[in-house]
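Consider the two complexes below, in which chain A is the common component and chain B and chain C are the respective partners.
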Partner chain A sequence: MKFPISFILGFFLSLIFFVITMISFFWVPYDVETLNIANRLKEPSFENLLGTDHFGRDIFSMIMIGGQTSLSVALIAVGLGLIFGVPLGLISASLRGSLIDDIIMRGNDLIFAFPSLVIAILITAVFGPSALNAIIAIGIFNIPVFARVTRGAAISIWTLDFISSARIAGKGSFRISLEHILPNILNLLIVQGSIQFSLGILAEAGLSYVGLGVQPPTPSWGRMLADSQTMISFAPNLALFPGITIILAVLGLNLLGDGTRDLIDPRSQDKIK
Partner chain B sequence: MKILKPLLTILLTGMLLSPLYAEKNSVVIGMQLEPPNLDPTGGAAAAIDEVVYSNVYEGLTRFRADGSVTPGLAKSWTVSEDGLVYTFKLQENVKFHNGNDFDASDVKFSIDRARDENSTNAQKGLFKSISSVDVVNSSVVKITLSNPNGGFIRNLAWGDAIILDPETVDSAASEPNGTGPFKFSKWIKGDRVELVKNNDYWGEAIYLEKASFKFISDPTAAFAALMAGDVDAFPVYPAPETLAQFEADPNFNVIVGSTEGETILSTNNKSEKLKDVRIRKAIAHAINRQAIVDGAMFGFGTPIGTHFAPHHPDYVDLTSQSNYDPEKSKALLSEAGASAGLTLSLKLPPPSYARRGGEIIASQLREVGIETKIENLEWAQWLEQVFKGKDYDLTIVSHTEPMDIGIYGNPNYYFQYDSQEFRNLMDALNLETNNQERSKILQNAQKLIADDYVNGYLFQLAKTGVANSKLIGLWENSPTQANDLTGVSWSN
Partner chain C sequence: MIEIIPGDPASFMLGINAEPDTVHALKKELGLDVSKFERYYNWITGMFIGDFGVSYTYRVPVSELVMARIGVSVPLALYAIFLSTLIAIPIGIFSASNHGSFKDWSFMGFTQLGIAIPNFWFAMVLVLIFSIYLKWFSAGGIPGWDKGFLINLKALTLPAFALALPQASILARIMRSALIETLSQDYFRTARASGLTFFQAVEKHAFRNALIPVLTIIGLQFSFLIAGAIIIENVFFLPGIGRLIFQGIIQRDLIVVESVVMLLVFSVIIVNFLVDMAYLYVDPRLRVKK
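And then the complex of A and B:
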C-alpha cells in the first residue's frame, strides 16, 4: 500500500500537535499563570525556547497549553457536529423526497447561509465570551456540514442492491441506516471530521483573537496573536510563534484529511499514480 | 521654441517643489476614542473635551498647560467680602462662529442651563453652590453663591462650564458653535473631525489654519499612522510598549507628562464578598504596583496610595500603607474567614492599562489565594454592567477628571462607598475658602479613603504622547481632558 505524501506530512504534523498538547496536560517547562515581569520580552534561548512575552511568561509553555484550548474546543465542536449532523443526514436520506427531508435540508441551508465566524462572534457576544460558548458557536456550524455529507453519501448507498436485499429481508429504515449505511460512509465522515477539526482550530483562534474565546489567564493561540500585535516591530517572536503554530496545526490536519481521502478512495489513488 | 523647453522644465520643477517649501500650517491629531457628540455640556466622554475644549468652546475661565486657571471669556472678576458674590467683567467684541454677539445673557443662559434640574450636564456638582446668575449689563455678570466655594473659579474652567450660543444650542451636539480660535468645519463619523481657523477670533491669533482630529482606536494602527506621517501627534498614545522605538527616532518627540488619571482597582464596596474592610485591605497588600506599572505600562506611571494626583501640592503619599506584602494579605484573609478561597469577578474595559493590568492583578491575587474571573468588556458593556448596573466585584479604570475625590461622597457611585464621615469632609471643603484649611481637609479625605481601603490604588496614568519633532506647543501634562491647540505651531 502506498501512502500519499500529503497523508504522511499531515500525519506527522498532526502527531506532533497531539503529542505536544498531550504532554502539556502533565508537564510544561514553566507555569504560565505566574507572571514574571522582570523576565519579560526575552529572545529565544535555551532557558526559554521561544522567548518570553510582555509578562515574562514562557511562550513555548503558552503554546503548549494553548494547544489544549484549541484541541478541546475543536474536538468538542466537531463532536457536536457529528452527534447532531449525522443522524439528521441519515434521517434525510432514508426519507429522501419527503417533507421531513425538505425541512431538515432547508434548515441546513438556513444555517449555511450565514457566514459562520460572524455568527460565532454574535453568539459569543450575546452570551458572553467563554470557552463553552465558543464551542457551541463553532459546533452549530458543524451540524449542517455533517448532515449534508451524510445525506449525500447515504443516498448513493441506498440505491445499491444489497440495501434492497436488506429491505426484502424485512429490515426497517432505521436498522438499515444504522447497520448498513453508517458503516459504509464512516470513512467519509472521518475525512470530513479531520477537515472540520482544522477549521475548528482556526475558528477558535479567530474568536480568541477578537477576545471572544477563552478568557485570560488561560492561554490561547488567537489571543497570543492579538496581544502581541503592537509589539511586532520590536518583539516579532511574540506573534511569529503562535502564528506559525496555528498554520502548522491547521495545515497538518487538512493534509491528513486530504491524504486519508486519497488513501481510502481508490479512484483518487489512481490519479496519484 | 528652443527656449521654451528649459523654461517649461524650470516652471514644472518649481511647481513640483513648491509644496515642500510652503509653510505647513495644519495639524492632524490622533485620538483613540471618537467623541459620542461634540457638546461638552451634554456628555461625560473625555473625547468631547479633547476635541473642542479651548479650541472651539471657551468658558469664563480656562485651564492652562501647567494646570493654572486664567481668565477666558471673563476679562476679570471680583469677589465680595463674604465670598458669595462673584462679579465677572466679560471680554467685549466677542462673536460666536455663526456671527452672533457674545454677551452677558449668553453666560446666564449657559450656566442656568447647566445647573437646571433637567440638565444632562455630566458634572452638575460644579454648579451646585450657585444660587443665582444675574445680568448686570451686557458685559458684566454677577453670580451669587448659596455658600462660599473656594474652588468656584476653577469649576468654571471645566469643559462642562463652557458658554454656548442660546440660538444654536439644539444643534450643539453635532455642529458646535463657540467663541474659540477654531471653527467647526466637518465631522466625518468614524474617521475625523475637522476644524478651521476662526479669523474673527477675539483673543491672541493662532498659528494653525486647520486642525483635524483623527480617531484611531487600534493601537497597532495608531503606531502605523504615526510612522507613516498620517498623524502628526498622538497626545494620548495607546501603545506604551512602542514608545522606546519613537524615543530612538529623531523624527519624533515622546512627551511624557502627568495626567489627572488615577488608575484604580475599583471595588464594589457593597458586594457580599468585599463588604469586609479586611478583605479589601488584603487585596491592597496583595498588589505589587511597580510590577503593574512595568508590565502594563512599560514603566510609565507613578504608584499612588490614594485617589489623588501625585503632582498636586496637597497629595499625601500613602503607598506604604498598602505596600506589597503577600504574607500580611494572607493573614488578613484568614482573619476575615476567607482563606478557604474567594472568587471575584474582574471586569476589564478595553484600554491596555486595564487589560494588561488585569492579568497582572489576577496573577498577584492568585498568589494570596484569591481567584479572579476575568471578563473583557467593551466600553458600552462596561458602562452598562459596571458603571450603571454595579454588577461587578473588581474592575480597573482610570479616573481622568481633575480633582475628582468628591466622587467618594456619592454613595450611589459605582464603587458604592457609603461614608457619612467622608461626606462631612466634602461639605466642609465646599464651605472652606481658606487655602490652608482646604488642603488639610483634602489630605484628611485622602487618608480616610486609604484607611477604608475603598479601592485598590494602583498608579497615576502617565500622559505618554508622541509627536512629530517639528511640532511645538502641545500640552505636556493633562490638567484637564483637552488638546488645546491655540499654542501649537510648526518649527522649521
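And then the complex of A and C:
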C-alpha cells in the first residue's frame, strides 16, 4: 500500500502536536503561572527554547500548555458535532423526502445562514467567556456540517442493493442505519472530522484572540497572539511562535484529512490534492 | 436571546453606585420599562421600516451607526473578494494546466499553508513587515472617504489582503479541481483537436464550465468574510461593522448587537440569492424550466 505524501506529512505533524500536548499534562520545562519579570523578553536560547514573554514566562512551555486548550476545545466541539449531527443526518436520510427530513435540513440551513464566528461571539457574550462556552459555540456549527455530510453520503448508500436485501431480511430503518449505513460512511466522517478539528483550532484561536476564549492565566495560542500584538515592533518572537504553532497544527490535520481521503478513495487523489 | 445577558444596560451605564430612581428614569428614556415581549414586538415591526431602535450607549439610531460603518466594511469585503479572485483564478488555471507537475505541487502546497494560517496572525505579520519594517502602509485606521479614494484604498489594502489569503487558497483549490475535471471532458479534447491552443480552449470552453463550483464557494465565503472582518477590523482599528458589533457586546448595547446580527444574516441570504442568479448567467442550461 502506497501512502500519499500528504498523509505521511499530516500524520507526523499531527502526531508531534498530539505528543507534545500530552507531555505537557505531566511535564513542562517551566511553570507558566510564576512571573519572573527579571527574565522578561529573552531571545530564544538553550534555557528558554523559544524565549520568554513580557512577564518572563517561557514561551515554549506556554505553547505546550496552550495545546491542551486547543486540543480539548476542538476535540469536544467535533464530538458535539458528531453526537448530534450524525444521528440527525441518519434520520434525515432514512426518512428522505418526508416532513421530518425537511424540518431537519431547513434547521441546518438556518444555522448555516448565520456567520459562525458572529454567533460564537454572541454565545460567549451571553454566557460569559470561558472554555466551555467556546466549545459550545464552535460545536453548534459542527452539527449541521456533520448532518449534511452524513445525509448526503447515507442517501447514496440507501439506494444500493444490499440495503434492499437487508430490508427484505426484515430489518427496520433504525437497524439498517446503524448496522449498514453508518459503517459505510465512517471513512467520510473521519475525514470530515479531521477537517472540522483543524477548523475548531482556528476558531478557538480566533475567539481567544478577541478575548472570548479561555481566560487568563490559562495559556492559549490565540491569547498569546493578542498579548503580543502591542509588542510586535520590539518583540516579534512573541507573535511569531504561537502563530507558527497554530499553522503547523492546522496544516497537519488538514493534510491528514486530505491524505486519508486519498488513501480511502484513490480516485479523489487526482482531483483534490 | 440577548435579553438573557446578565446585567441590564441601564445599570451598566450608570455604574454600581447609581440610585434606583436614576436607573429607572434611564430605563424609561431608553424604552426598557415595558415588558420583554412588547420590546421584541417594537423591534421586529420597526425593522421593516428601517428603524432598528436607538443605541443605548451612543444615543443615536442604530441605523445611523450602521450606515456610518458600512462605508468601511462593504468596501473592505468587496476589496477582499476582488483580491482573492484575482489571486485564485490564475493560480487555479496555472495549476490545472500543469496538473501533476512540480509547479502544480508547490502551488497547492502554498494553498494548504494559506488555509492553515489564521488571518489575524497573517494580519499581524503584514503589519510587522509592511508597516513597521518597510513603512509602506499605516498599521491601522482609515482616513475617511472624503479624503480621496486612493488613500482609503491604500489603508484597506493590508486588511483586505489578510482577509483574502485563506479565501484565495480555498478558491484556487476549487478552481483547480473544477478545471481538471473539465479538461478531461470530450468537448475540451475536440476543441483542442479543432486547432485551438490550450489557453484559447480553456478560455472558450473549460473556464465557464468550471465556474459554477467556484461561484458557489465565493458565495459561501461571504459569511466567512464577515466573520473574518470582525477580527481583522479589530486588528487594524477600522471603524466597521465588525468593530461595532464587538463594542456592542462589551458595552451590553444589545439593540446594536441584535440589529447588526440580523443585518449580517440578511446580507448572507441576499448574497446567496445573487449567487444563484449568477448561475443562470454563467450556465444558460439552468435557465430552462423543468
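Keep this in mind: the second predicted complex is superposed on the first by the 268 of 273 C-alpha atoms of A that agree within 3 Å, B and C clash if a C-alpha of one lies under 4 Å from a C-alpha of the other, contacts with A are read in each partner's own complex, and residues count from 1 in each chain.
The working rule: a contact is a pair of C-beta atoms (placed from the backbone, for glycine too) under 8 Å apart; a residue touches a chain by one contact, two chains touch by 3 or more.
Because the structure is a prediction, the values reported are computed rather than measured.
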First (chain B), second (chain C), both or neither touched by A:Tyr209: second
Which of chain B and chain C A:Pro129 touches, first, second, both or neither: first
Contacts of A:Ile246 with chain B and chain C, given as first, second, both or neither: second
Partner chain(s) touched by A:Pro217 [first = chain B, second = chain C, both, neither]: first
Touched partner set for A:Val191, first chain B, second chain C, both or neither: neither
Touching partner for A:Ser233 - first (chain B), second (chain C), both, neither: both
Which of chain B and chain C A:Asn254 touches, first, second, both or neither: second
Which partner reaches more residues of chain A (counting touched residues only), chain B or chain C: C
Contact residues of chain A, present in both the chain B and the chain C interface: 128, 229, 232-233
Chain B-facing residues of chain A, complex: 33-35, 37-38, 40, 54-56, 128-129, 211, 215-217, 229-234
List of chain B residues in touch with chain A within their complex: 219-220, 223, 239, 241-242, 244-245, 291, 294-295, 352, 356, 358-360, 362-364, 366-367, 373-376
Contacting residues of chain A [partner chain C, same complex]: 113-119, 121-122, 125-126, 128, 198, 202, 205-206, 209-210, 222, 225, 228-229, 232-233, 236, 239-240, 242-243, 246-248, 250-251, 254-255, 270-273
Of all residues in chain C, those that touch chain A in their complex: 1-2, 4-6, 104-105, 108, 112-113, 115-118, 120-121, 124-125, 127-128, 132, 173, 177, 180-181, 223-224, 226-228, 230-231, 234-235, 245-246, 249, 257, 261, 264-265, 268-269, 272
